[in-house]
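Sharing a structure with you now.
Labels A, B, C, D and E are assigned to the chains in the order they are written; within every chain, residues are numbered from 1.
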Amino acid sequence: MLQSSGQGDGPSTSGSEQASSYVGQIVAPGDIVLDLTQAGKLVRIGGGLQQDGTSLVVTKAGRLRHTKPSKYWVEGSQRRYVPAVEDVVVGVVVERYAEHLVIDIGGPVTALLPALAFEGATRRNKPNLNIGDSVYARVTSTSRDTEPTLACHDASGRAAGFGPLAKGYLFQCSTGLARTLLSRPTCAVLEALGGGLSFELAVGMNGKVWVDAASAAITVLVANAIINSEFLSPTQAKIMVKSLLKQVQQP
Amino acid sequence: MSSQGSLRKDGRTFNQLRGMVCDRGLLHRADGSAKWSQDGTSVLVGVYGPKNMPPKREDPEKAVLEVLWKPKSGIQGPEEREAEIILRRTLEAVVLAPLFPRAGISVVVQVIHDDGSLLSCAINAACAALVDAGIPMTGLLASVTIALAKRDDGAGGGAHLQLDPTREEQDGAQATVCLALETTPKAATSNGSVEGEAVVTSTTRGAMAIEEYLEALDRCRMASRTINAFARLSLDKAQRRLELPGT
Amino acid sequence: MGEENAVKTPGDILGRVSEYTSGRGTHVRGDHICASIVGQQSISAPAAGASDKAQLPVIEVINGKERSAVPETGSTVTAKVVRIDHRKATADILCVGLRAVTQKFTGIIRQQDVRATEIDKVEIATSFRPGDIVRAEVLSLGDARAYYLSTAKNELGVVFAKSPAGVRMVPVSWEKMQCPKTKVIELRKVAKT
Amino acid sequence: MDSQLEAEAFKRIYPEEYFQRFLSEGTRPDGRPLGRARSTTIGFGAVSTADGSALVKIGSTTLLAGIKLEVMTPTAEAPDAGKIAATFEMPPLCSPDARPERRLEETSVVVQQVMNAIESAGLVNTKELLISTGKAAWVAYLDIYCLDADGSLLDAALLAAVAAFADLTLPPVRVNPEGHVLPVLSGAQGGNLRENGDASSEVVTVERRKLTLGAMPWAATIGLYKGHLIVDPTAEEEALLESTVTTILDEAGRLISLFKPGGITAVTTALIQDCVELTRHRARELKQILEESSQEDEDEGDESQ
Amino acid sequence: MEYVSPEGLRLDGRRPKEVRQLKCELAVLHRADGSAYLEMGNTKVLATVYGPHEVSQRSQSLHDRALVHCEYSMATFSTGERRRRPKGDRRSVELSLVIRQSMEAAILTHLLPRTQIDIYVQVLQADGGTRAACINAATLALADAGVPMRDLVASCAAGYLNGTPLLDLNYVEDSAGGPDLTVALLPKAEKVTLLQMDSKLPLDTFEAVLGLAMDGCKAIAAHMRQALLEHTRKQAVVRGPVRL
């Protein structure tokens, strides 16, 4: 048994070998998807589920998913970002203190970025970030009651691409789209854009996306292409990017 | 009131709800939204959060729910202020607020048109919007208003119960009852209750016999199942639409 | 001036500074000791072994309202956690020993005062939650706003906590508590009972 | 170890457990059985500057209601009726809770529900507030002040409103041809009213008169807590309750209101019937208290004359 | 208009140097730390005290003494004309300040640093002399709350009509347009903490009126002291002997 983290991403005792009959179906809050008394070992539960006595109850709408041996979760779309450890995020500095920065990452509460959580930072040599600056960081801890903490270095202390994001343009997209943008292999829209243009991009799991390119026109184009791609199939996305590229390339 | 046999002015039977429409995710800047219409009555609800709260208003043990009720036009009056409070306490019955300590969840209600049964329409809309926002909840709610039409003199018999009344029916009624009910979930276990859907919220206007109230409650229970079935259908549709690209 | 146990009101002259020492519920105006609250007058013998000045009997005015218990260094208190951050937990002190306090006293449990061992590994978020009831010892008066509290003993720590489902959790070890309803396990610095 | 704590200390640390200990023995922290309301008193005519007033106490919950009459021109839709306008005030002195937004919330709900009950029960026939059709009518401004907010405010506010209307006296007036309403100096009750009308005034009312009240609504708030039904909860109890149901009945047993504004427990039909039953009992009790108090009030009035 | 009859009686039957009937009740509201209900003739006021407690707005906290906060308000039906006074209108701001300053003169604020004391005064029925009645009620509520004071504060008004100094004016006398002098006094120390007058008055008459008002204060102080003693004795009987 492990402890539960903020989102109830924890385990549950008992359970059954037989999967719930609701797996793959769309479920709504309050639905009882599994009777835990029907024998079984350990059932692991993820987001959108909660144990109530001997029942497994849905708390968020979505599709019930199941992986063997016995992990259940509800796959839904939550637009509001809820931080999880090791997520990469893009945030904006909202407050500055001697020891730490307060960063808005669009979550339920603001995050805390210690002034020393940068590659090579010391008490004397801290990065100079001001209110309103963007930063690309990694979530290092979350807890229900304290702010999530961030770091601008990887586990070994290297910058690894994290850090302040100078200039550029920051925009918001859905967390679902952000996930697509971050997925491997590279999603269609980014591949298409990358084929024709050169730009810098930082995508946070929190749906904040930062773009910088040589000209404002290209920056705006990239941003628009990304936002437009949300409800398009890969083929549609490629066509959309192509037509956008044509517009810029024509004098 | 209704001269043609057992039909109402708009052609409905006494026990018939108006046509429902629910659109989810209309507001792009909100974390969740839903527009719920019952023919002429229509409410748009946006949900924002869980989000940062000013330290003065936060609760260290749970998320704070706030409701803002915007009338169709003009500014908030005492009635709207009361509706705001009733709606908030109703939603508190289902929102799992302890999961987000110190955060806030805002529910913004915009009345688009009021042709009767407004509070019910707003509760249904708010519930759909919270689901759309992915706010963890213990279950779904369904709300129904019912009107007790004045007895026709000489006609004898009890008051007619008119489900989901229009503004005109509501204003002409001897009494109205607005209820928000828990819905019966899909269940893998068979320990369903036999008592029927329990009442989360009840407000009434006008005088009636206790028996009339209880009869109204039973009618509302039946109607709430229709509403719940509709809400789930609309949820299914919305979910499928979201899943379409990408996969 | 007054017979023992006479009821006095603010401003009433109780005696002269040359006759008595001014005690609780009194104040000095010129040469006189006057009542400052409504209550019964009481005269008690001077504290033994005190300085010359204290040789005079102490005159007091006492009202029926019970005086609040006040936390002192070393006393065991029961407090409710109201806020936590990465460095400390802030708590309202509810009781000193077995007595309730009627005034508001704030206590702070710093990261280094949570437990006795592996102090550097302590995380506040896995030790306390807002709403928890903790038993703690008063370390010092702290700053002007709060007492410093410590839970660094076996019998100190969380004595009562509710799960998110609103159910009283049961301790399963010295650092874990479980919700009987949802079976969720949460981390705490649990007090040994 | 917990059992060694002082009662007061135990209550502060474990308020719910403290409450549950009482409930499990069928009683409450103030010694009442679960189904009993606190002792209730009504003082009529508490404020002489008002046209009707009442001081209501339910336990330590204390409310003062006053009605002031003002003349208005009736609306075109209802040329033969006056109207009632109500407010409910919770000045900061009524509660140690310093948060004004909490009080604001409570006041909006209470005033709406009190007006709803008065209208639904038909307590006041607004046509009785007419002075002269199309020209002049009374507006009864009902202002209810909460002086001590110790729970079940809606019950107390409605009782205070009903009692203030029972105490209300319409002063004698006359209307002159221009439609101006003038006070009438009538013998003994002249006081400092001054006669300043002319002889051509059309006298509409000569005597001071009381309203003929319709059905009186009686309210009982019932708190729900872990399956217990707690009648007339105090503020301390309200802070712990899962939800409340306020049932309002009139003398004929008609349901005037069943008000349950959300809360974390939902109620079944059986529970609603239990609440109605408890309210029936309380309604009889309140009716008797009102009658006895108004009898005493009259007796005192007779003695003083 | 004749305010004093040839027989030397006023409109309400009092003699010129007579205060109205005073009635006080202590600890009338159980949720407050201290409360008092006071009637001066037909003027009825209710005062409650919360505190000393933590300062609600930290920035206002005083390190060397207690913060005294006072709010005065009037019920809409307390006067002849119904008036809805928005909170914070000019009269209530002024009166809140007057009451606060009078009380601050008596409270031993230096004994209660970094705390706050709230005084709320509500006028339920007004028939002249509300200012004085509010101050008297506030003193009693503070005494009931056990807030340490150097003395009670007693207040009374006096005026001058028909060539006669009149004590404790009622509404009709108050509205007659004559001078109205309100005095608040620490009676044991004989220190004036408040002196307010509108209209004008020859200096020698002023002294007579002031002297009358001060006499009124002393009479009222004696009455309030009596009420406090009786209340405390009653309490002692209820509670049993005081534990020392």
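To be clear about the criterion, contacts are C-beta pairs under 8 Å (C-beta built on N, C-alpha and C of every residue); 3 or more make two chains touch, one makes a residue touch a chain.
A quick map from chain label to UniProt name: A = Ribosomal RNA-processing protein 40; B = Exosome complex component RRP46; C = Exosome complex component CSL4; D = Ribosomal RNA-processing protein 43; E = 3'-5'-exoribonuclease family protein.
Treat the numbers as computed from the prediction; the structure is a model and nothing was measured.
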Touching both subunit B and subunit C (chains): A, D
Chain of greatest Cα-centre distance to subunit E: A
Pair exhibiting more inter-chain C-beta contacts, C-E or C-D: C-E
Rounded Å distance, subunit C centre to subunit D centre (Cα mean): 42
Chain centre separation (subunit A, subunit C; CA means) in Å: 45
Cα-centroid distance, subunit A relative to subunit B, in whole angstrom: 33
Computed distance of Cα centres, subunit D from subunit A, in Å: 55
Residues of subunit A touching at least two other chains: 8, 50, 144-145
Residues within subunit C bordering two or more other chains: 84, 130, 164-165
For subunit D, residues that touch 2 or more chains besides their own: none
Contacting chain pairs - touch in the sense defined above: A-B, A-C, B-C, B-D, C-D, C-E, D-E
In the complex, subunit C residues that touch subunit B: 82-84, 130-131, 164-166
In the complex with subunit A, residue positions of subunit C that touch it: 84-86, 123-126, 129-130, 164-165, 176, 181-187
Subunit C residues touching subunit D - in the complex, by the definition given at the top: 78, 80, 94-95, 98-100, 133, 160, 193
Subunit B partner contacts - residues on subunit A that touch it in the complex: 6-8, 20-22, 26-35, 48, 50, 54-63, 76-80, 82, 104, 107-110, 144-145, 176, 180, 230-233
Partner subunit E, residues of subunit C touching it in the complex: 5, 7, 9-13, 25, 27, 29, 34, 36-40, 42, 44, 62-65, 103-104, 144
